[in-house]
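Have a look at this one before I ask anything.
Think of it as A, B, C and D in the order they're written, each chain with its own count starting at 1.
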Amino acid sequence: MSATNAGASSEPLLIRGGRIITTTENRVADVLVEGERITAIGEDLPAGQARELDARGLLVLPGCVDPHVHLDTDFGGAKTVDDFTNGTAAAAIGGTTTLINFAMQWPGQTLAQALDAWKGQIEEHPPIVDVGLHMAITDLDYAGSFDELDAITRGGIPSYKVFTAYKGSAMLSDDDLLRVMESAAANDVLVMVHAENGDIVDLLQRRALEQGHTEPRWHAATRPALAEAEATSRVIDIAHLAGASLYVVHVSCAASLERIANARAKGWRVWGETCPQYLFTDESDLERPDFEGAKYVFSPPPRTPADQEALWEGLADGVLSVVATDHVPFTFARDKQLGRDDFSAIPNGAPGIENRLQLMHHFGVRAGRFDLHRMVDLLSTTPARIFGLHPRKGTIAVGADADLVLFDPQRRHTICAATQVSHSDYSLMEGVEVVGSPTLVTVRGRIVVEDGRVVGRPGDGAYVSRAPFDPAAADAPGQPLAVDG
Amino acid sequence: MSATNAGASSEPLLIRGGRIITTTENRVADVLVEGERITAIGEDLPAGQARELDARGLLVLPGCVDPHVHLDTDFGGAKTVDDFTNGTAAAAIGGTTTLINFAMQWPGQTLAQALDAWKGQIEEHPPIVDVGLHMAITDLDYAGSFDELDAITRGGIPSYKVFTAYKGSAMLSDDDLLRVMESAAANDVLVMVHAENGDIVDLLQRRALEQGHTEPRWHAATRPALAEAEATSRVIDIAHLAGASLYVVHVSCAASLERIANARAKGWRVWGETCPQYLFTDESDLERPDFEGAKYVFSPPPRTPADQEALWEGLADGVLSVVATDHVPFTFARDKQLGRDDFSAIPNGAPGIENRLQLMHHFGVRAGRFDLHRMVDLLSTTPARIFGLHPRKGTIAVGADADLVLFDPQRRHTICAATQVSHSDYSLMEGVEVVGSPTLVTVRGRIVVEDGRVVGRPGDGAYVSRAPFDPAAADAPGQPLAVDG
Amino acid sequence: MSATNAGASSEPLLIRGGRIITTTENRVADVLVEGERITAIGEDLPAGQARELDARGLLVLPGCVDPHVHLDTDFGGAKTVDDFTNGTAAAAIGGTTTLINFAMQWPGQTLAQALDAWKGQIEEHPPIVDVGLHMAITDLDYAGSFDELDAITRGGIPSYKVFTAYKGSAMLSDDDLLRVMESAAANDVLVMVHAENGDIVDLLQRRALEQGHTEPRWHAATRPALAEAEATSRVIDIAHLAGASLYVVHVSCAASLERIANARAKGWRVWGETCPQYLFTDESDLERPDFEGAKYVFSPPPRTPADQEALWEGLADGVLSVVATDHVPFTFARDKQLGRDDFSAIPNGAPGIENRLQLMHHFGVRAGRFDLHRMVDLLSTTPARIFGLHPRKGTIAVGADADLVLFDPQRRHTICAATQVSHSDYSLMEGVEVVGSPTLVTVRGRIVVEDGRVVGRPGDGAYVSRAPFDPAAADAPGQPLAVDG
Amino acid sequence: MSATNAGASSEPLLIRGGRIITTTENRVADVLVEGERITAIGEDLPAGQARELDARGLLVLPGCVDPHVHLDTDFGGAKTVDDFTNGTAAAAIGGTTTLINFAMQWPGQTLAQALDAWKGQIEEHPPIVDVGLHMAITDLDYAGSFDELDAITRGGIPSYKVFTAYKGSAMLSDDDLLRVMESAAANDVLVMVHAENGDIVDLLQRRALEQGHTEPRWHAATRPALAEAEATSRVIDIAHLAGASLYVVHVSCAASLERIANARAKGWRVWGETCPQYLFTDESDLERPDFEGAKYVFSPPPRTPADQEALWEGLADGVLSVVATDHVPFTFARDKQLGRDDFSAIPNGAPGIENRLQLMHHFGVRAGRFDLHRMVDLLSTTPARIFGLHPRKGTIAVGADADLVLFDPQRRHTICAATQVSHSDYSLMEGVEVVGSPTLVTVRGRIVVEDGRVVGRPGDGAYVSRAPFDPAAADAPGQPLAVDG
């Protein structure tokens, strides 16, 4: 992992008297930051040349890692409205110091061309937090595709994304899935999957439209939970057949969760992610009047309260490993209107990058669903481990990158599209008040958020190259995934 | 169910002093047969006009039902060598009094055309035991296909067969599978599935051939167990999504068994079948010299000894419900030679219709794996229940069809292709000696096997129309499938 | 098993046109009874000398077997008010044709003395239905006790009863339990256990009384479900250690059920019984005013509605094998008053022998919880199998004892202590109307109930000697208990 | 927790360049120790006044915690040969910086008297590492016993020990167990249990001796695994009934492990410990010639290789939480000879306190059974958490006690009774060579082992008072025990 940012070196910082929270520790101590990294943790450390920051009464958290983001991305006829500068500003304000964006391969592009284009987008709009890329594969039917793939992964991108959904566009056939899995197994790469049965969704969508059903609620009706669970099982099997490791993105329902739990109980290498929208919205939101249901059109769709409950349990009991955002910032005023007359034409996705930490603190920790340590694990440590960023990111320790969040557990904040950093014009959580917010955020020692406002400059963040996937390091020690016999 | 056979009425029979074995009873008594049915069971029944048959020392079993047979069928470039007359003679000698053949829909045929053609084949070669048909669906892409399907099922064919294997020919897409399942759920039809992932098998076959691997053993290497388990899970999910009931044919491996067990534990309506070839042969048989491995080319392929053991346990503990034969009689001398230079061109299938009862008695009951009651259940009662033949078939009771097997539990028999009734020129069990064989078999009161020789005439059997599928009746009472909550 | 009754031979009967229900069959046929046994089942059987009984529209069920009865028994300061003549009359009216009573060993008696005394009680009050005995062991601390036990079991009593409850009286220590289990394993005997932790119950009772809690509801409060579950687990372990087979009587709660299910899943030889009182009454009944709660004082106590639901599920899914009555007929007017000032002095027990079949038909079958076949299994076939009475009892088949119940599924009956046969002055089900009642009952061909009234005479029933316990025969074929590996 | 040691203050230490291993971290850094605690962790920390220790190439581990020790204890007719000074020296050399001894209540003593006596023993032989006490309860049958218990726990002893074994001496009845559990639940105390069924063991021992079986191998034959599993289940139930938390000491067999796993899966508060002797010796060791089998007489007895394997899996998968030693140092030459003619008279126990870390490193980590993090968890962090010592002990963090082990992962050591610190004259692991040993050990900043030799003085260690038991803190965060619903 190397930072390409060439900005001026950051000044030393001494964070004084905060309560340091990691996955295992909860202690008051000082943290000294020099030259992008943490160089000491101690009691009453001497300040020396360092600028002192008073963290008394605050939590000091490792910067959050968001591995599921779609900035500056064309999707279903629209383009997401946050570029890498603005999107990473939104990430920063929410306590996220590293995000990983999907480098989608568009029709007609080779994988290498796609990746170059994505790196260009990052250069064009320099980020404020660190940014990595996943290679999202949609077409392998050209000469040399697998050779390109090998080169890409050796170049610091140890994660592929594939789709079983979106028949006719991103969806891969089962034989292509197997080929990707084989490549991943050979290259120490993790395969991420969007698991819904594209064939079945396509049939149900066509049938609904033929019957004149055009409203947003048909988005959920044509994407049944069992179609997600089926695809989840299928890809788990194909990955295991190939000896590959699998990460199931945006798990939305109890049925899929069951499949992941079964595989993990057998010692298969499978990890699951969910997102706040699956914990806080349900299918009834799609029925909101005045076409507002379109705001809740993302895939998989919101499910039922029982599914929400199952996901919370999955976060607490370890079946799920990560909470990411699947931030897909469209506007309601313009982008979502594309599907006024046809739910299947509504661009899929919703914003969310800047409220993840607040929501998990308020509704997770304060509500007693899990503790601060588990919150840090789900938002920072485990995503850093899984995606080749640990031990430089994902924890607070001597030698680690100084990606830090000073978090005021009492500070109140009302979520509101009008005041959010993202350029999307709505929020799924509009009007919700949470207790607890970041006040100051550093990225490799540079202060990018101060007093709850973005102060970072483009280029404070950098593109990060990541280490090869290592299943033994993907979970915290002491929670080893059982080995398949 | 109505018999269309117009033959002369059978004479009354009094089967004297045999030991009647049903799924629950084991008692010595006389059985009186009048006018095709059992009219009394008792001690020292008066003979009246009936011909007396001395069954002392013999078991009296309900005639076996074989729900998985391919007579007179074009398959992969060859045609199975037993027509409905000869094939049912082979069934009879083995104690099978009803078989159900697959009515395959060939390219260019509508379903109705296919069914008419199959009924014509039966009329052309009148059977010696009763014969039913399953509708095997391979093409729904024509106007009126589903209307035809409805008519067919209302006409006494309450079971469809679909394939996830055989990409490019019989394989259905997932959306077509869903449409078939929905039709089945609406029509009280059971869906039978050959579950292997056709996409994956096709990829592996092409790759093997590209690498110059042409020998029979590559048949197994390109059809991994997990590709069967995956397809099994997938079709279970699609069936459940549609509210349909599912019957998984020829389960070959522990991995598939696990999926069926999980679904049944959740109360989902799934039943599993295995066949003797999966209990007695394994993948090493494909390596037999002089191309003899080709005899063992059937799909799914033979697996490992551990899979055999798992299947035996599945038969004993109830995860599996039926032992059928998947009788696909090709010749080694001619048909199997088609694949001399390309394992994928070897016609898939093997004979087996006439030894099922002997093998289950010898290796199941005598080996202590299950008792006589369970043997009757697996070979007769449960297939009769599942496929709409019970209570007329599948048991010994007053009012039931007089389909009876007198079975000598001490009679020795050596399995040998040279002496078998089937026209296939080989047997998977060549040279195996079993203890216990049928000596006399009746079909609706007509004696079709006597002293171990076929004496029935064409037309002693008849085409049977079957009752709609009823999940509540598919299992024996006292073994209710849990209801899905 | 031999009948000691020397009464006049019964006349032949021809039961015409009833619907015969066994665990697997459901067919209309005639049943011919000659010389105590069924000699033919058929269509339009010739009547010959037999008296014809018109059973059209009625069900013909195998006579029920009640393996848990306490007639003529001293218990906690009172004596049950039904002797073997009256108690068996009550059994008969309810469709029970065989009951098994506990031969309690009283303080000071040897086992042999106890058994002699119990046989004397039967002779003194000759029964109307067949009667067997279990040996209830409370004291082994005398020379020759185990030799006596061996002799008793060889004499046709293949079931012991032991108690972990009732500290200071019937309760055995764990080492005595082990010794009994070893004796049982050596003698092909089944051990029945009343499983509650006597130590814990005793502590809680003493503490409650010290605190001035004397009302009936403290009966339940001092016998927690977990104290039953604990004892259940413990005795399962001790039985398994000794290689013995175990039958847990009157399972009352989900917690115990779980233990039995776990053991059975491991293939351990454990069977569970529940009783109607645990399905229909709950702990709130103990709070009935005017000391009426005392009617519901039996052990284990009534539990919660959730426990009731778990028991119903256990009956449907096979974790439980038998519904018995634990008929302990005390009077409210006299016997229950003994505990006016001290709940622990209330004689434990309640009547119930004559309504079991009605209740299981009405609330089990008619309510859709299980079917007629399973009802017959729970009330007749499985208890006959477990307790060495099958194949003579527990089914309808040629050669079996003619213990038959003609059951009118539409006949209405209101349960009422004033009109019951038992001499108890109350019923737990007072005022409940059920649909479906026995109209005629035979015991070995003798009519003992006709038109819903007892017409049998003392001596129509007889003491029955039973076959050794055989675990392989204890369950219906096709439901083999897994074998411990 | 307060240290009562009044020794001279320790000098500051700077441990330079070691690899710090905690349950989650693995990093090279310096550790600064001032005034008994760790005050800074950092890169290139300034030495100031501190003595520098070169730890390059070494692991820096948190000092191990051994919660299962019997120093200076009368047991079965003999007295363990290590007092608190020598026993803690042996602990120190093995990397253990805190041990918890059982304060046994002897016949005739009240609990308070017993505790006073134990504290006196510690004062008499001042320890070299820190020492806590568990209150081992054997007699509650005196006035005021429970009041005493309350006072003891409020005084810093948040753990009771009870026995279901040793009938006639330490064994408690089930009602006393319940009373102890209730007291524990009310006082935030953890109950530790030695779980074997004392009644059954007593019966089997008496029977064996009556039959003339006197050899050591009868020790195992009379203590069957199922008698341990039964008691484990029983005490789990009683604890749950009382709302108490339970810690099962020295789990020896797969059967017990299963019970603990089941309870934990239900969210019940149960933790399990095993000891090296159950991982490395088996029942065949009891048959060693020349009475050497007597060395392996401890309770529960050594089991089978399959049990060893199950225990290793339990350590890896989290069913077991702690490896302790159950150090019971008797001599073979004198103490074990007491049972020459009667296996039941052999004093139960074996030495082991000084090799735990070496064995877990060599056979656990080096053999690939678990990693260094899990080793630290099992030997230090989790026992510190469970027994009220965390966050001061059990980790390496700023503010924690400076209990540190410098461990050379390449240093070879051959285990040998002749050179061990314990006064026992034998070792269960005689002649075993391990790779990896402690070289330097500190207790609150005092160096007690240097260059592999004990340099600590009596009084360097101190009696530690512990915090109340907190189930939420007992496991590492991120591994929350499920909450019982």
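Quick note on the criterion: a contact is a pair of C-beta atoms (placed from the backbone, for glycine too) under 8 Å apart; a residue touches a chain by one contact, two chains touch by 3 or more.
All values reported here derive from a predicted model rather than from experimental measurement.
The chains that touch both chain B and chain D are A, C. More than half of the residue-numbered contact pairs at A-B reappear in one of the options C-D, B-C or A-D, namely C-D. If you average the Cα atoms of chain C and of chain D, the two centres end up 51 Å apart. Each chain gets a centre from the mean of its Cα atoms; for chain B and chain C, those two points are 43 Å apart. One finds 62 Å separating the Cα centroids of chain A and chain C. Chain A has no residue in contact with two or more other chains.
If you sketch which chains touch which, the chains form one closed loop in which each chain touches exactly two neighbours.
You'll find the chains touch as A-B, A-D, B-C, C-D. Residue ranges of chain B in contact with chain A, taken from their complex: 173-175, 178-179, 197, 199-200, 202-203, 224, 226-227, 229-230, 233-234, 237-238, 240-241, 262. Of all residues in chain A, those touching chain D in their complex are 22-29, 32, 39-45, 316-318, 370-374, 377, 391, 395, 397-399, 476-480, 482.
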